């Protein structure tokens, strides 16, 4: 048994002026504070860095050869033409927009439906299993999705619809939809779960059925979060590269139907950057497309964030 | 980080410590015109009081009267809450706590026990050995001794001596509260502050802890914030009555409880007519 | 008196109908993917052998194995982790433990969201502009891994921040009250209780990094390189890019070969994610407070 009355030995380690002495621990604490702050601002530095470096590489084109009307108004992307090179990205924008649009048509209803089922109807083991599946699906790499579009969807579309090519808006749209859906599902599910339980209890106390509860109470309360989920899905579809490159057919086209092949903005950069000389007009034009992509996704992400934050404040 | 740099920079400007020891050091703790606000809303206004060496100083008052904020200002926990603004002066051992250059050394001399017991998610042994380790003790035998002594004094040793390696955060509420006290004691504090320690503890444990406190008063000064007026009567030498952000009065405990009050609100509160 | 009225029955019927509808939507979302996975396993399975995994590609990549690509992916992931884990954990510690609630912290959070949202091909352009050209690393493992690190930084930051915030504030306050500095508190109380959560985040990041293709196409990954990298300044093959190459760029590749590559890639990614999920569930069952 220890002597309980003897003063603790701590006193031996404590001297009178420690209160004025900033010891090693004090300085370590300050040093850590500075170090982690550097980590914290690194995210800002990188975002600015991306903008600066991509702009710097594309600057020559922007200053010398950039023609706003041609760039955004012309469907002719002919950077290697021997007669007259033209840099019009209208067809590329149309390609990206048509594929993303179709993808959202596929993804929005199914991912919201799945989110509602997982958050409001499924229980216990089913719920857990579905959540794990959705998470695993979200992890499938885009190049694998592209491969699936190439070797599985392509012959399937040719056979089913009796068309000559299966690499088209339809193929890339479905692939992109399947890709974006799991992420949208889990974000949408989060925002449904964020609706306070007292709302549900109040509605149930009033005798509302599950459906009334979901459609009249939960969905309206979570609408900002759901909108945010959709926007993030759009952003993801917009910026997707490998899957679209492999599944869309990659031919410059203003599409008339979903069976046309198209080419996306991202895919153009991926396919052509390796063949251009550093500093050439073509090379710089590709970086200019990069700036355009950066700005668009920046705006989409900012909007999604503002919308999602809107609910937290209100 | 800017703050970190500034603190290092003003280091050089601090008045020499010799100039500061001029304050008379009779009172253990002296509070002058202390006011606390959270984001502009006052929580405590103009408190003046003195606490003597080796006394148990009780603070009673209804909820939201600024008692907990008062304790936080004493050991400068406002540093961790940018919302909390403190003005006025607090002298601990005759030194203004705002001018301690190493505020961590200040806190290591003040033990704190919270309303809800906090067993840290580490072993019982590590819970009690944490403060000594923070102050640089690594000798195993020395740590063993400190752990046993502090747990014994907190009346917990017999219950946990066979499971010092179980998680402190999984002990029962009463045990965790005594573990918190043992941890505070392991700091070898000059001052022990207890904030409504009996809220989440059963009556038997409460009585045991009260006995422990009676023993401890021989070695340290104790501030006992309590919502049980009778507990203050049982333990405190002097008692302060806080009401809606101000200190209504300070007086000898027995005197207050026998009706010798300056303010009728104190008598009303003690008699249980409100609060 | 308590018998269901006509209206009630109708309501209940409608309810189960809606429920079934939502269930079907979930099934439609998940089933095709499971079928696709099954196809990959069915067609790619036979291609996978010891020789496939551990030998070099031969005959213009129409035969042989994927060993250099596997090794290259390990190199890329390892170098990327060396950069992004310390940086990401530091950022998360700052945001969770130090950052005040103000506009500046808000901007950091926006930057993290944007870093995660910028298209991968734009990250690739950044990698070319910054690491390959400006810093003069050339097309190398270093340039590619740095690009990957920056791209996956948000994964580490978000996972670490979440597991730090899961440690209750009361533990920190108890520690601060004992005279511990912020760092002592983080190091002795917060990190030990968050480290497993951080680890699951790191596994997720490894999985993300393994699958990324676009950011490494022009920064350090090569189509075909029949020898192994010796330093971070060498180029390398990578599994994800290899899948792209054998399925689109090389004529005369036997059918099962790209299936085999895809299966290895998706197997690695899903295995890591499963480990991360299982680990998380195990931790959830093992409450420490």
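The first chain written gets the first letter, and so on, giving A, B and C; residue counts start at 1 in each chain.
FYI, a contact is a pair of C-beta atoms (placed from the backbone, for glycine too) under 8 Å apart; a residue touches a chain by one contact, two chains touch by 3 or more.
It should be emphasised that the depicted structure is a prediction, and the values quoted were computed from it without experimental measurement.
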Chain A omitted: connectivity of the other chains: one piece
Most widely separated chain from chain A, with each centre as the mean of CA atoms: B
Centre distance in Å when chain A and chain C are each reduced to the mean of their C-alpha atoms: 13
Euclidean distance of C-alpha centroids - chain B vs chain C, Å: 47
Touching two or more other chains - residues of chain A: 25-26, 33, 37
Where chain C touches two or more other chains, by residue: 181, 184
Multi-chain contact sites of chain B, meaning residues that touch two or more partners: 104-106, 131, 134-135, 187
Chain A residues within the chain C interface of the complex: 25-26, 28-29, 32-33, 35-44, 46-47, 49-50, 53-54, 56-57, 109-111, 113-114, 116-118, 121, 130, 132-137, 139-144, 146-148, 150-152, 178, 181-182, 185, 209-211, 214, 232, 235-236, 238-242, 246, 266, 269-270, 273-274, 278, 286-287, 290, 293-294, 297-298, 300-302, 305
Chain B-touching residues of chain A, taken from the complex the two chains share: 1-4, 6-11, 13-14, 17-23, 25-26, 30, 33-34, 37
Complex contacts: residues of chain C adjacent to chain B: 100-101, 170-181, 184, 188-189, 192-193, 288-289
Complex interface listing, chain C residues touching chain A: 11-12, 14-15, 18-19, 21-23, 25-26, 28-30, 32-33, 36, 39-40, 86-95, 97-99, 107-108, 110-115, 117-126, 128-130, 133-134, 150, 153-154, 157, 181-184, 186, 204, 207-208, 210-214, 217-218, 240-241, 243-244, 247-248, 258-259, 262, 265-266, 269-270, 273-274, 277
Partner chain C, residues of chain B touching it in the complex: 75, 77, 80, 82, 104-112, 114, 116, 118-122, 130-131, 133-135, 167, 169-170, 180, 183-184, 187
